[in-house]
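Have a look at the structure that comes next, please.
Chain IDs A, B, C and D follow the sequence of writing; residue 1 opens each chain.
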Amino acid sequence: MNLQGAMAAIGLALLSSLLALLLHGRPGSQRLLAFLALGLSAAASLVAGIAALSTGQAEATTLPLGLPWLAWHLRLDALSGFFLAIIGLVSLPAAVYGWGYCRVYDDAPARLTPMLAFTGLFVAGMQLVLLADDAYAFMIAWELMSLASYFLVASHHERAEARHAAFLYLLMAHAGGLAILLSFGVLAGFGGGFDFASLRASPLNPLWAGVCFGLALAGFGTKAGLVPLHIWLPEAHPVAPSHVSGLLSGVIVKMALYGFIRVVFDLIGEVHWAWGVAVLAIGAGTALYGVLYALVQSDLKRLLAYSTVENMGIVFLGLGLALIYLGNGQVFLGALAFVAALFHALNHACFKSLLFFGAGAVLHQAHETELSRLGGLLNRMPWTGFLFLLGCLSIASLPPFNGFASEWLIFQAALQAGSLDSGVLRASIPVAAAVLALTAALSATTFVKAYGIAFLGQARSPHARHAREADFSLRLGQAILALLCLALGVLPTLVVEALGRVSFALLGHDLPSATAHGWLWLTPVAAQKASYSAPLVFAGILLAVAAWAAVWLILKRKRRDQPVPRVPAWDCGFGELSPRMQYSAASFSMPIQQIFRGVWRIRADSQPAQPEPGLGHAAYRRYALHVEDWLWQALYAPLAAGVLAAARRVALIQTGHLRHYLLYSFFTLVLLLWLLR
Amino acid sequence: MAASLVAAAPLDAAAPLAMNAAGWLLALAQTALFVAAAPLFAGWIKRVKCWLQNRQPPPLAQGYRDLRRLFAKRVRLADQASVVFRIAPYLVFGATILAAAVTPFLSVNLPTAAITDAIALTGFFAFARFFLALAGMDIGTAFGGMGSSREMTLSALAEPAMLMALFTVAMVASSTNLATVITSIETQMVMTRPSLWFAAFGFLLVAVAETGRIPVDNPATHLELTMIHEAMILEYGGRHLGMLEWAAQLKLLVYAVLAINIFNPWGIAHEDSASALGLAIAAMAGKLLVLGIVLAVTETLQAKLRLFRVPVFLMLAFTLALGGMLSFIILEAG
Amino acid sequence: MENAAPMMDYLLLTLGIPLAAIPLLLIVGHHRAGGHLNTLASGLGFLASVAMAREVLASGPSAHGGGLFFVDAFNVYLIVLTAFVGLTTAIFSGPYMAHEAERGRLTAARLRLYHGSYQGFLFTMQLALSTNNLGVLWVAMEGATLSTVLLVSLYRTPESIEAAWKYFILCGVGIAQALFGTVLLYFAASKVIAQPEQALLWSELVRVAARLDPTTVSLAFGFLLIGYGTKVGLVPLHNWLPDAHSEGPTPMSAVLSGLLLNVALYALVRLKTITDGALAHAPTVASPHMAGYLMMGFGLLSFLVASLFLHRQKDIKRLFSYSSIEHMGLMTFAFGVGGPLATFGALLHMTVHSLTKSAIFVTVGHASQLAGTQRMEQIRGLIATQPAVGWGLVIGTAAIAGFPPFGVFTSEFLLLTATMKLWPWLTLPLLLGLGLAFAGLLRAVQPMVYGTPPEAQRPVVANMWPVLIHLALVLWLGLAIPGVLARWFDAATRLIAGEGVL
Amino acid sequence: MFFAQLPIYEQAILALAAGVLLLSFFMLAHPRIYSVIKLFAWQGLVLAATTALVAFDSQTPHLYISAVLTLGLKAVFIPWLLLRMVDKFEMHHELDEIRRPGLTLLTAGALVVFCYHTTLPIAELLLAITRNVIAICMSVVLLGMLMLVSRNKALTQVVGFMTLENGLFFAAVAVTKGMPMVVELGIAFDVLIAAVIFGVFFLHIRQSIDSLDISRLSRLSEAERE
């Protein structure tokens, strides 16, 4: 029944795509119907996913598609149900949001139609990835998802950076896809067939299991944006239309996570703790690298994209812990870390899509995501500003929001390292936890910067000055996600309980102790060891807000018609404020740039600039920082140059002279005859 | 091992979560005392410093007078101030009170302590800081932005060090619940462990940075280019400023109490009897007096660091905490 | 053999229609109706081939015309494919060539020549596929060169003449080696088979393969590999291919890439079967799989070198001709690997590559007409100017690069799987090549389809139906291989590899 | 086996075969286009004679047809066509310089040895009459290729190509007593068409680059030019 629901979801997503194609040229109904079908698809996948998660039962079927001897196997179990629910959770608001967001494209049907069509395909591809129960269908779905999202990334292809990003994205996706294919190939090489049941039964020796794991890590890590394979992500996610950016950053990276879990925890099954160390190290490195780069970005959407890298690092850090514990036979702790990682993935899906939607609303209204041209938007876009603030609080992992709950669980899992026998592991896990702490703190800094520069202070450009509140559907899409962030943060026990079923189905162990004390208390190991009551914390924060409201009400009655007096800012008596006196995005992160210098490749660019009218006659200089990904220079540029050099070498054989060609033919013949004798 | 872990948790594992009205009332009272004592402790430090500097100290109650005056004053807002600016003092103050509420002050038998653990405690401070930094940027002055930027930078470095110190303690006690940690450290007489010494020093350094004391920040300065915390609250006045000042004092006290109770917990009450609580009050008061003196002396002897020297200071704290962790793992565990 | 009579009729129709159309088109090919007549002839040929295929499926392999013709599952599917691609390309060619004539690039005489040669080419392809006689196969292959060489130089530009000359000489020399191989084979067979007329029949040779002298056969295979390998475009014998593809009219590039290379590879595979049979129990040669190893080696080399070449292209048609070399290398490799899975994959790859590549050439033709040049740096903003062409190109590229759900992925998947089982470490160069090739294609195609077009760029009259049909078929094959086709491929696999996959 | 023990016809066949190879060497070495074409005509003639002799010796009547075809095509038509071109382009005295004549001839000699070496296992299967012929055929083929490689003029390249075909044809006749008729006819037809097309190409090339020096046909290349 659940499986049928999930298949219906795929059908609806495809229908959305089809409707978009059929209604080409009638943007109004095209937009409405396509997003309606997409929303229904999201709802269906949400329902099916939650149902599968709550029953914990796996359902399977086959479709008469695929190879003649390998029909498409579909299966919905708790793990895929969970991720299906994530798709639903994000695509539903995305559909609501997208309906309003895409209105700007109404007068450009040549852009709108592909955008809508590929959005449907993209969502269908993601849903199919989760249902696929054989390597062939999985790969089809996987690449369908990549390809469709590639076209979405390239939506604004008149801009060079969009083209570059799309190119890089598809290239890396393809390379990653090949690695995944090879990892399935290793499994299938030892097993009987390509359906997951055979792969699961495949008897691997440790060496090949390691190879398979490494390939899966590389392949899925590319999509998840693990350093150093992340290079495409900060390029691709920001340039897509914002409702798609939300899906890209919120959901597609989760598909990578799903694939990794499916292959490593399910198909390989017998994990080795050393893999855990690798994943832990890569996860921690990714988290730190991601947040450091996020911190210095000056474009809001790019900042969010780097923050996705960071959060995927955190999730993989959790998975690494799970692998270490499982590899050491600590199934319970493995399940704890596993659940924590999944929880963080769910949270990230919510708050990152919320933030991208918020950034999209800003882009929509202020036509700008460059932080140095924003400012003061909270006064002009109060709803968007408020919802974006909730997103920032969540992603900065502040209690009682959801980001905190999951990171807290990861910390708790890490702190159980004392129960391991190996001293090296006991020492390295807390170090990873410290990196996580640093990451969390830097992330808070990042989002103070993002919010403070974009929404607070004064407008830095006419666009920002004249921005107005976004449409209802844009706000509604964000509001759904913001509520979700809050709900997941305040009621973590319910989530952990549900995720326990995933871990039970996959690892054979759930977390009875975590929720043993009811919905109010989250006690991952035991109440004495650690407990967290998000509802009470939330109540405390609410009390503070209530106090403010009470004071406001009382004073309002007292002072009757007199509003709070507004005066010019004091600013140590420096005189009138101008927007240009504010701290900018670059200056905000300057101290951290100083401290961590060497992490980035920063080009400072200072040029004489035109003086602006009305600002005196001082000498003007424009100062700009360009942050380049260090790994691009260190790894990718040489790689690309190497390919070109190899191509140049090889090209030497094609001289253009017929005699040379004949000579090749001649020599080949002689060589062959000599060989064959 | 996993099985033993679970089994190690006794059947009355729910005890810390037990809900009884008396316990909650007592917890409320303790929190109230905590909040009330904050200006006093700040005043004590100021007094000791004045003595050391041969100045005439203000009366001990000066802190309360200042607050009363501020709360009575009328609020004036800058033209550009948004709602974030207005709500931030409440949230900052509220979060700090929450932090105080979950910190065992006099008794470990504290139902509110179960709401969060050591990690979430840093979360509350982070929450407060987040809004404070936003408020600093809200008006759009250069000073506010500067303060926020510096505050966030330093806290980003301080937080891992702080957590590392707490992790060391948590691993020693195999719990992050503050009440359990304190009980465990007190009953096991673990103060002889080198790891805890490392952790304690690390924690103290972080505490200095986090509470904005010399050599990281100077709460008394209003010299534009050196201030951090003060730069963020430049534009505040009236009850808003009062709340922020009070929150800062409270934060200082929470850190002081944490340092005392985690690393030197003797005298803390284990039951809610009047005698135990009385002893606890006396012990705590005595320890706070001593700590205040120590703090004042160090502040007097030291000069404020340049901003870009502070990371080294924090790195030292982190290294100390890490050393504590490693020495626990290498020397003491297993 | 009761079905022999209708079968023979269909076969004769398949061959006869294009043959009859040659003189007709040589006379009236320059008229407006020339293009339609060309399409009509191709369409009729296609119908006949389909009818024949149905007969073969019903009755199994059979020889006809005194053993001169032989149809089994392997060649009949290629016959249908050839007829189909011939038809769709003819549909495209009509308006395309009319446009070229309008632009003044062609005279009436050349248009006649073009249409006549087109059908001549189709005839030689079908003859090469359907004949049982290796000598006739050779004649037909040489005929294919001859019928297309003047098409390469159709525009009479210095480059096109150079390309045609190189094409002519290289393929002529290559095919001459094949003839020498054929003679050697005939010689070996004449020791075993009494009647000289029978000694070049493939069906007979396969039957007696085990008794053929292994040394002679392996030498013969060496010559044949060089000969037909030149036509397949195996590195380092490939040099004619990009030149010929890029300088000729686009419909011709489409059929060259989509058909000629396939047929040459078909010939190689037929000969490999004989060679394998002869070497299976021979003590004198190094390895009984010598033919397979050679094909794997050449295939892999071609594949890797071509994927590197993709990175240096400036001409759009050259780009895709290198992609053809790459894919032919892949197929050669797959046939070399042998075994049912790889063979099935290779057969499927032949089909989907033909369909996709001819579709791409059709769009490429429109794109270069649109931009007025084949230089890629001047082709920009196709999607903006003419969405159908732009999207056709980018989707075709995705398909040819092996992106699911297109059929190329399916065949590559099968091939990788088979390689993984037999030669695990060879998957690495394969994957490297796939990645390199994709990067090369995408970096070239993306700037052309995206971006803002030049000011003066206007849409052209384009018939995108062939593209749509081809890509839809490829998509279908990627999602699900119809049962009929699967059995068909399986029967062919049985013929080549000895066992099937179903 | 001794040459002298063979029947007279077979001795003659072998002698003629040697003649074919010899003519190939001459062509390879001769720089003058006009003479090369003439040599080629001679080779065609010898080939036709050999074919006729084999037909007579082995009582295979259809080889007579082959002989006539060879005579017509290789000895008459193609040389005539090429000579007409020479007339037309006024190239009677034009030379086609061989880059390194010494090296080329040495290579040619080595090739012949190589061919003997390669065909040794096969030769044991053959009748005495054709035992050496197969090596000669292969040598002629390879020498034809060598000529293609070493020449720069379109005309001489065509001659090289046709020599190569001669080798093939010779192999078919001498080793296997001719291919089946349908194949023979097909091959002859192809050669005819090829010759015509060559003729067409000379005109085109001449028009396009104003000479028949095909080393100038090198615009289409991948290598970077300075």
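What we mean here is this: contacts are C-beta pairs under 8 Å (C-beta built on N, C-alpha and C of every residue); 3 or more make two chains touch, one makes a residue touch a chain.
Bear in mind that the values here come from a model prediction, so they are computed numbers and not experimental data.
Undergrad: Can you tell me the least number of steps between chain B and chain C, where a step is a move to a chain it touches?
TA: 2
Undergrad: What is the minimum number of touch steps required to go from chain B to chain D?
TA: The least step count works out to 2.
Undergrad: If you tally C-beta pairs in contact for every chain pair, which pair wins? Let me know.
TA: More C-beta pairs are in contact between A-B than between any other chains.
Undergrad: Taking each chain's centre as the mean of its CA atoms, which one is most distant from chain B?
TA: That would be chain D.
Undergrad: When the C-alpha atoms of chain A and chain B are each averaged to a single point, how far apart are the two points in Å?
TA: Measuring from centre to centre gives 34 Å for this pair.
Undergrad: Roughly how far is chain A from chain C, centre to centre by C-alpha average, rounded to an integer in Å?
TA: Centre-to-centre distance between chain A and chain C: 44 Å.
Undergrad: Counting in whole Å, what is the centre-to-centre distance of chain C and chain D, each centre being its mean C-alpha position?
TA: 31
Undergrad: From the C-alpha centre of chain A to that of chain D, how far is it in Å?
TA: So the centroids are 70 Å from each other.
Undergrad: What parts of chain B, by residue number, touch at least two of the other chains?
TA: none
Undergrad: For chain C, what residues touch not just one other chain but two or more?
TA: Residues 165-166, 169, 173, 177, 215, 219, 242, 309, 312.
Undergrad: Specify, in ascending order, the residues of chain D that touch 2 or more different other chains.
TA: Residue numbers touching two or more other chains: 118, 121, 145, 148, 157, 214, 217-220, 222.
Undergrad: According to the definition already given, which pairs of chains are in contact?
TA: Every touching chain pair, ordered by label, is A-B, A-C, A-D, C-D.
Undergrad: Per the contact definition, I'd like the list of chain D residues that touch chain A in the complex.
TA: 111, 114, 117-118, 121, 142, 145-146, 148-152, 157, 214-215, 217-224
Undergrad: Quick check on the complex: what are the chain A residues that touch chain C?
TA: 64-69, 110, 114, 136, 139-144, 146-147, 154, 157-158, 160, 163, 166-167, 170-171, 174-175, 178-179, 181-182, 185-186, 188-189, 194, 643-644, 646-648, 650-651, 653-654, 658, 661-662, 664-665, 668-669, 672-673, 675-677
Undergrad: For a test of understanding, state which residues of chain A touch chain D in their complex under the given definition.
TA: Per the touch definition, chain A meets chain D at residues 648, 651-659, 662-663, 665-666, 669-670, 673-674, 677.
Undergrad: Please give the residue numbers of chain D that touch chain C in the complex, ascending.
TA: For this pair, the touching residues of chain D are 118-119, 121-122, 125, 137-138, 141, 144-145, 148, 154, 157, 161, 164-165, 167-168, 171-172, 175-177, 179-180, 182-183, 186-187, 189-190, 193-194, 197-198, 200-201, 204-205, 207-209, 214, 217-220, 222.
Undergrad: Within their complex, state which residues of chain C touch chain D.
TA: Result: residues 68, 133, 135-136, 138-139, 142-143, 146, 149-150, 153, 156-159, 161-166, 168-169, 172-173, 176-177, 179-180, 183-184, 186-187, 190-191, 196-197, 199-200, 213, 215-216, 219, 242-243, 246-247, 284, 309, 312 of chain C touch chain D.
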